[in-house]
Every structure is written in structure tokens, then in C-alpha cells.
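These are the structures, in C-alpha cells.
The following pair of complexes shares a single chain, chain A, combined with chain B in the former and chain C in the latter.
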Partner chain A sequence: MNKYETKGARSAFRLALRELGYFFKGAAMNIFSLEFLMVLIPLLGLWELLPRMGVVPRTLVPPPSDVAVAAWDMFTKHNFLKDIGDSMLKFFMGLGIAVITAIPIGVLMGWNIAMRKRALPLFQLLAPIPPPAWVPITIIFFGIGLPMQTFLIFIGAFYPILFNTYQAVKDTEPRYLASARVFGASELALILHVYFWHALGAIIMSVKTGVAMGLVMLVIAEMYGGRTGIGYVLVEAKDYFQISKMVVCMVTLGVIGWFLIEALKFIELKLAVWKVGR
Partner chain B sequence: MIEARNITKFFSIVNEDRTADGITAVLSVSLTIEDGKIVSLLGPSGCGKSTFLEILGGLQAPTEGSVYIDGAQVLEPLPSTRKEMDEYRRKYRLLSPLANGLIKNRPKHDIAMIFQDYAVFPWMTVLQNVKFTLKLRGIPRREREPVAMTYLRKIGLADSLNKYPSQLSGGMRQRLALARALAVQPRIILMDEPFAAVDALTRERLQDDLLRLWYETGITIVLVTHDTDEALYLSDEIVVFSPNPGAIRNRFAIDCARPRRRSDPELLALKERITSLFKYDINHESEYSI
Partner chain C sequence: MVSKPIFVALFFSLVLTACGEKDTQVKIGHGGGYLSAALYAAHGNFPVNMQQFRSSSDAAYLLLLGQLDAVFVEAEKLGALSRLEGFDRLTVVGKVTYPYGATLVLRKGLNKRLHELDGLTIAVSAPQCKLLTAFTEDAERLGADISGVRYKYMAFDAMVPALESGEVDAAIIRGTYSVVALQEGHFILYQNWDVQPGDECCPAIIDQAALALLAHRSKLDAIEPLLDALEKTRELSQDDLRRAVADNTVIPFEILQGQPVPEFSRADDELVEIFRQHSHDDDDHNHDHDDHYGNVCPLPPVLGYSGQAWQPPEV
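Let's turn to the complex of A and B:
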């Protein structure tokens, strides 16, 4: 028995490793295709040359080499990795709370008309408030720090996930429901095995939107309060007129966003095998 | 035994110019279907066959009348008075009348249903699809796989267990729907134009498969179709529907012995009579519309 278990665990680990390999390979190939490198390398070259030749002022547009030096500095001397880690912690807490609240609420509202009538108007009233408008009141409620930042990220990611989930569940094809109902499916079985799966593609799409909104709110939240994080470093760099440092922060944010979207695409592909070839 | 008493179904709709309107999809249809028979509901599209079948299956409530399966009412009819309406609203405030329950899977009647566009779940593999219906019917986990395998083998899908429906041909998808329906060992199968979307050769094979399984199990089959040949080949009785509003126009018992030949003179003669009915319908309609 035991032997089989370890064997299973080991092969699962190997499988996970292989999948991870596929993921990085796929993600990298999406960007670093030969075609795109033919565009990227000249662009980088131009960016390097123009400031160096004095066409644009070097103080305003630092060439990539300066940015690289600044990045090296930040990672080695100023512990930028910790800032990234702090930002990611807030981001995933905010996004995680948004995902685990918005998806169930969305599913329930899409499933049952009675729930929809009671809950949907509230969200429809609150959702149009632009997320940054929540900043002042959040600071008063939570003070400055992790809870406030987490809440702001949550607010950014919550509504896109909620509304898309709700809409997708509501639009579940009646024939699938009918064919499960005839066999005696309870409402719980319908939710778990029909509504959810039918909506899954749209739900993952909405989490992508949530990631984008969450990153926006991350930067805003860190600009307004806190002593760590990428957004904080960004504002600090502005105060000292360190443009290279700002570029490093921006590129870092871009890479994080890209990476998360790629990860979601990968999950989508894994979860929705059945959609391939449809 | 299925007993439909005076079924009427009315749909209210809103016209383009926002005036209220309605369609009588089915008008006082009464029909009794004996156990173990194959009965076809035949008619051009739009004459309420699907609606009637869904009412038989409890997927829609009739506006008037009720359906009894072995004496038990399938769905309570919609309320007609204001007081009844209030009561109905209160009763079904949280769950629709179609719901089987909130948590526990529990079929209301021993029915399975097959739809024209398959309606097998695209997110489950062939095997998972069948196992899922077995789960809904309360078959213990351990027995699900062997039972599912038995029926999948019977219907010739044993090689495609781990494929998703999107990887199957139309005919195979319909086989899956058939396996899924048969695996729960229902006493009645309702089929809505099950073979309409596959090519002619596949259709004939599927029809023969269906007959073979019917001989083995002796279930009752109610088959909606607009294909006269299919109805003649398969059924013990043909119920011809006419449109506007959907109603029974004629009933034909077919005594022709089984196994049948598709070109049996008796069937051909009957086909003549049925097609002449439709011809009359078309002429009749054009008389009015011109």
C-alpha cells in the first residue's frame, strides 16, 4: 500500500514538473518568437542609441544599459525582491478573496432568480463606483497598510469576476439543464456539474480581467500608503528623480501581469481540454 | 402507461411592436401510450411535438391538462385562478417547479430523454457522461463503472471511453446519448428527433440499434420525428400532428410484423396515406394564405 502511495506521489511530482516545463516553454515561445525578436532587438537598439547619441536627453530617457545597472543595484543593494514579494502577497490576498467570494456569489445569482432579484441590484449600484474612488474611505477604515491595500485590490478584481460569472451561469444552455433534470439532478448537482462547467471558460476570462484590475489597484494602493512594494518604490523614485528605477518598476509590473495572464491561459487549457477542437 | 389528458400549452410572447401575443403550441391533446410500445409523434416542424414531449417528461408545465405516468401526475398544472396563482408563487418562490430537490438527486419518474442536438455534456468524457447519469440515479459509486461499461460496449463506444464529445462524430454522440439514457434502465425513453442530425446510413444503423435494444429491454419509447420512413419502420403506432395550433390529426396503428423490411408493401401503402395527409395540409394552408 505504502509503496504505491510513494510511487503515486513521485509520479505526480514528476508530472507537475513536466507540466511546469511545458508552461514555461509555451509562455516563453509566445513572446520570444523569431518574428518578434526581429522587432524587439532593433527597438532595444534604438532605445540604447538615441539617448547615447544625444538625440533625446539621457536624463529623461535612460538607455536600457542604465536601466539594467539600476535593476542590478536595486536587487542587490536595496532588496527589491522583498518589495516584489510584499506586492505579490497583497495582490494574491486581494485577488484570492475576490475569486473565492465573487465566483460563488456569481454562480448563485446566475442559478436562481430569487437570489438574483435580491442581490444583483446592490452590486449593480456599487459596481459603477470607480475602484480608485474607494481609496479615501478605505484609508479611514483600515488605516494604512496591508488590510487597506488588500481591500483595494479586492475591490478592483471583484466586480469583473462577479458579473462575468453571473452572466455566464445565467446563459447556461437549457438543454444541458433539461438533460440533467430528466435524470433526477438536484439543484446542487446542476450547480456543481452543469452550470459551473458551462461557465468555466468565461470565469477564467473574467479572472484575467480581475488580474489586470487588481494590478492597477495594487499600484494605486501602494502609492497612497505603505512603506514597501513596487508601487511605493515607484513613487519614491519619482521623488528622487530616478527615472531608471521607475522604468525597472514598470517593467517588473508588466512582467508580473504578463506572467499571471500566461499562467491563467495555461490553467484554462488544462481545465478545458474538452473545448479543444470545438 | 403514459396518459396525457387534454394537454394545452400556450406561450405568451411579445411582438416586435411590443404588443402582447401568444402561440398555442399544443391544443387539447389526449393520448394514452401503453407499456412496451414504440409510439411516434409525426408532423412538420412547428406543430408542437417537442413541446408536447417535454410536457410528457416534466420539463415544461402544461397550461392546461395533466400527464400521468402509471397514475402519478408528472407536474402540477399551472394555476388558473388568482388565488391559486398566489399560492403557486409562494410555493415556488425559491425553486422552480421543475427542480427535483435542492441537495438530493431524485428522479421524479422513471424516464430518460434524448434530444436532437445530443445534449451530452461536452465537459465530460464518454465514460464520465454515462457515470454521471448513474450517479444522478443514485447508483453506488463502485457499481457505476461496470454498468456504464456494459452499456457503452453494447452500443459500440467501448473504444472511445476517454474521448470528449467534441472528438466524436455526430452518430457517435447520439450513441452516447442513447447509452446514457439506457444505462439508468428507465421504463420510458422520450426521444426528440434523435436521428435527424446524422447522415442517412448512420441513421439506419442507429435505428436498428435502437430496435435491438428495445427487443432486449422492452421499454416504452416515445419518438418525435418528422421522418415518415423512420416512424413507419420503428413504431407500433404513429400519431400525426398538425400545426397551428398543434393538435393530433390522425392515428395509425401499425400491425406489420417485426423484424420489418423498410420496403414492406404494407408500410409503403401506409406511407402513401400519411404523405397525402401532409399534402392536403399544405394545399389547405395555401388556400387561405393566398
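Let's turn to the complex of A and C:
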């Protein structure tokens, strides 16, 4: 590596660090904004007080302080981080496969009418099937384990991404296309430089919906098979009457979902800035 | 033609009548399956509103909230359940016993004999579990070398799914799970029903209680006839009980043949005490052998699981 390459790598690293800093700052400002804290703090206070005052049974509705103790116990004694890691592995595998299949198919369906006529009816038939209804047949095909869980997360995230991408590509402004054609753009160039970029905001939005659906399916998948993961721990805690631990799992899922949405918002800000704030 | 005010009055009187109508039947929650044999059999002679749940814990929550009158819950959950607020309003009125048994189930498609187990991975609940001891002793007695077997520790609940996923090749399960394993198409290679109650292995082995019937104290009078009906099922033949299960579930009668039959008998809160003494507290959990939440065999007292030497109860 020559000195110019070293310098380039260093500045890229600095840039990445700076962007990461911006991301965390932005995410933190969203959750710790004065407006939101004015809602959050009274809610937490009420949640803490009601069980303590005996208005609701404390064992069935544990206050946040009990939940915090349970969280400490789970992270320090029960290796809950490993469960989070296992869940995230499945989640990103399922979501990743959904993203890399749904976006190209959606773009192709939006771009080409012949392709749309052949593929769209099939997806329109399959999409209304609620993702949890896929569980029994998935178990029959894949057995119980990682492939089955990954498929269920995939099926949860796939359709929102597919249909939003398709719709956004289909709705591309005709004058942009006409302008590009005037300058001699090929169909491939149109897909890569006009359709895709026009649809990007909607695609990122659809991935956000995919994240939410994927998390739903993650919990369902882990309820049905496997012995690790947040969903598994959640159901175990429920079955053994440990509500505080159940709440810890729910809060963890919420935090993961929030973090991923923030990450996607940041990506949207960087790649599709013209869509942000609309 | 009916005038509008009369129509409205009629409509509301109908709605109010429907709302006011009380369901007089005893509402009982259960997890279904083979262990509900007595309930299925009693249901034929006694009107009862049976509500099946995927997990008996869900039914237990509804019992605590007063939406059910009685619930069959896994006996090993009694300890954890008894720590919840409102449990003092409940009482144990019966139990379903089933031989604990040591059963070695082979994954479907794995055609092995007892002396061919070397190199396989077998799921067991704990290193010192009595079921494992019974199996190894019997294997040695029959001349099978199982020194090359790898053991994987997991909760009984997780064993059949682990067989399904191929995570393990075989599992040493307790008797109550053998029907589930057979139903999934797995194959029983070895079964020993002589594992006696009161050994040091698992809390659930005490008294061979598989399920406990919990009821609201305020509903005891209403439940009494149901308890009589449940007790009377002991007079039925084993095949009658198996038939009741086959008629009410998707378990084929043929699978149940050859399996012991679960029995219902009356019980009291002493059962809660027994399970409470031997259920897990998070602080003294042995984390080497648990899953997450105490759904495991504890280690025997010699390994210092609870810090106190445990005395088997008199049976």
C-alpha cells in the first residue's frame, strides 16, 4: 500500500467514524428529545407506581425496577446476549434474503409489463396468506431449525418490500423516463439510473415495514423451533410465570426494532435525501 | 308490521337475556394430549366446558384472573406458579400420575440397535439424571458398549423438537413424552418403566405426578361432581381411556396401545409444597445444565445444587 492509498484509507475510516457519530447522535436525539421525555417519564412513573401501590398485581405486572433487575440477571447469569446474537443472525439472514430477492423482482415487475402480467397474480395470491399460516408447511418442508426460522422471517419481510418496490417503480415520472430516452439511455440504464433511484425512498420505507414484519416472524419462528433466541426465551419465561423476564424480551425486541428503523432512516438521509421529511 | 319502539325493545330484551344467561358448566382449562385421558373420558358422562390451550401456563393465567374454574397444569410448573400473587386463592384438588419411565427414542429414519449407539449424540436432561443411570445400567447389563456416546443436556420439552431438527440422534425422555415422540414418527428403542418415584433426579418424578389440577377455592363445590367423575374413570379399562383420547385428539389409538395409561386421583396442597421445595430459585440455579428458566433436572444434592441434602418424600 503506497502513501496515497494509506492516506485514502485513513480518511475513509475517519469519514466512517464521523458518520457513525452522526448516526448515534441523531438516534439518541430522537429518543431523548424533550418532547418525548415528557411523555416517557410520566408513563414509566405510572408503570412503577401502580404495581407498587397494589392497584395491579406486582407479579403479573412487574414495575420497571423489577424488569431492570430481571434484565441484569438475564445478561449476567443467563447469557442473554447470546440469545440476542442468535436471533439477530436469523433475522438478518431472513431479511437479507428478502431484500436481495424482493427488490429486483419488484423493479422488474414495475419496469416490464410482460413480466408484471406473469408474476404479479402469483404474488397477489400468495401475499394475503398471513405469514404465521406458513408455519406448519414450513416445518414439514424444512424441519425445525435455522432454515425454517430464516424462511419464516423471509416470508414476513418479502411481500411488503416487493409490493412497495413494484409500486414505486411503476409510478416513476414518465417525463424523467422520456428525458433519459432523449439522451439515448438504454433500458438497463433506465432501470439502474432512473427507476431505481426514483423508487429508493419507497424501497427504504418498505424495508422498514419489512423489519417490523421480520421481527414479528422472528418471535413466531423461535416459538416453534429451536432452543435459543429472544422469542424462545420470551415463551419460556411466559410458560414458567416469569413475567419480568418476558417484559425484558419485549423491551429488547422494541429496542432492536427502534435501532434498525433509525439505521434505515439514516441510510435514507444519505441515499434518498429528497424523500426525507416528506 | 312491528313498530319501531317495539322492535327496539325486543332487540334490547334479547341482547340483555343473552348477556344475563350464565354458563353454569364448570370451565376447565387443559393442555390436551394423552395426559388429559381422564378428562376426555369424564367428559362423556359429565357436562364440562373444556378449553384446550397450547400451553397450560396460558390456562393458569386465566385461572388466576378468574376466567376459568379449574386448570390442569404440569406439576413441575407448580413451584413457579405458586410464587405469583393470587395463588393463595387457588388450591390443588387432583393430580394425574403417569409412570416416569426411562425411554430412549431414536430419530426417525435412524435404524440402529442398542449395541450400535457409539458415536451418536443423545439428549439427556442432566448428567446425573436417574433416567440416564437406568439406561446406562441396562445397556451394560445387555452387553452394549455406549462409551462413545456423546450427551447433550437439554430440557425434556426441547428433546422432541431437537430430534425433529436433527440436533440430536436420540433422546432419553421421560415416559410422558414417549407418546409425543411416537406421534412425530420417532422410534422407541428402549423403555424401562421401573424407575421408581422418589428418586433424586427431577422434581416431577416425585409421586410420579405429571399434571396437577388446580381450582379456585370459591368454586370447590361446583367442581366436586367433576372430581367424582374424574375419579370414576379409574374404573374404566385402559383401552376405554385410550379410546377416549383417540376420539378427542388426533393421536391414533394404535400409538397408545402398549403405553401406560395416565391416572387421575385427588390431591391437596401438599403437592405444591413438594414442588416448591424442589423447584429452582434463580439465585441457586446451576447454569451448566439449565436451559434458561429452570425447566431442567436439578443436579443431585451431592453436587450441591440446593446446598441442602434432599430427602425423598415418603410415597
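Convention: the second predicted complex is superposed on the first by the 272 of 278 C-alpha atoms of A that agree within 3 Å, B and C clash if a C-alpha of one lies under 4 Å from a C-alpha of the other, contacts with A are read in each partner's own complex, and residues count from 1 in each chain.
In the analysis below, contacts are C-beta pairs under 8 Å (C-beta built on N, C-alpha and C of every residue); 3 or more make two chains touch, one makes a residue touch a chain.
Worth saying up front: this structure is predicted, and the values here are computed from it rather than measured.
Trainee: Using the superposition on chain A, decide if chain B and chain C clash or fit.
Mentor: When both complexes are placed onto chain A, chain B and chain C end up side by side without any clash.
Trainee: Is A:A178 in contact with chain B, with chain C, with both, or with neither (first, second, both, neither)?
Mentor: first
Trainee: Under the stated touch criterion, which partner chain does A:K82 make contact with: chain B (first), chain C (second), both, or neither?
Mentor: The answer is neither, since A:K82 touches no partner chain.
Trainee: Could you tell me if A:K25 is touching chain B, chain C, both of them or neither one (first, second, both, neither)?
Mentor: Touch partners of A:K25: none, neither chain B nor chain C.
Trainee: After the superposition on A, what does A:L200 contact: first (chain B), second (chain C), both or neither?
Mentor: So A:L200 only meets chain B here.
Trainee: Where does A:T59 make contact in the superposed view: on chain B (first), on chain C (second), on both, or on neither?
Mentor: After superposing on A, A:T59 lies in contact with chain C but is clear of chain B.
Trainee: Have a look at where A:R14 lands relative to chain B and chain C in the superposition and call it first, second, both or neither.
Mentor: Neither partner.
Trainee: How wide is the angle at the Cα centre of chain A, looking out to the Cα centres of chain B and chain C, in steps of 10 degrees?
Mentor: Taking the centre of chain A as apex, the angle works out to 150 degrees.
Trainee: State the minimum pairwise Cα distance, in Å, between chain B and chain C in the overlaid complexes.
Mentor: It is 41 Å, taken between the nearest C-alpha atoms.
Trainee: Show me the chain A residues, by the header's touch rule, that chain B contacts in one structure and chain C contacts in the other.
Mentor: None.
Trainee: Taking the touch rule as given, give the residues of chain A at its contact with chain C in the complex, in rising order.
Mentor: These residues of chain A touch chain C: 57-60, 73, 77-78, 83, 139, 143-145, 225-227, 232-233, 235-242, 245.
Trainee: Which residues of chain A touch chain B in their complex?
Mentor: Touch residues, chain A against chain B: 112, 114, 175-176, 178-189, 193-194, 197-198, 200, 272-278.
Trainee: Mind listing the chain B positions that touch chain A in their complex?
Mentor: My answer: residues 54, 57-59, 93-95, 98-108, 111-113, 115, 117, 119-125, 132-133, 135-138, 164-167, 184, 190.
Trainee: Hey, which residues of chain C end up touching chain A in the complex?
Mentor: Answer in residue numbers: 55, 57-58, 60-61, 64, 77, 80-81, 83-86, 154, 158, 161-162, 164-167, 282, 285, 287, 291-295.
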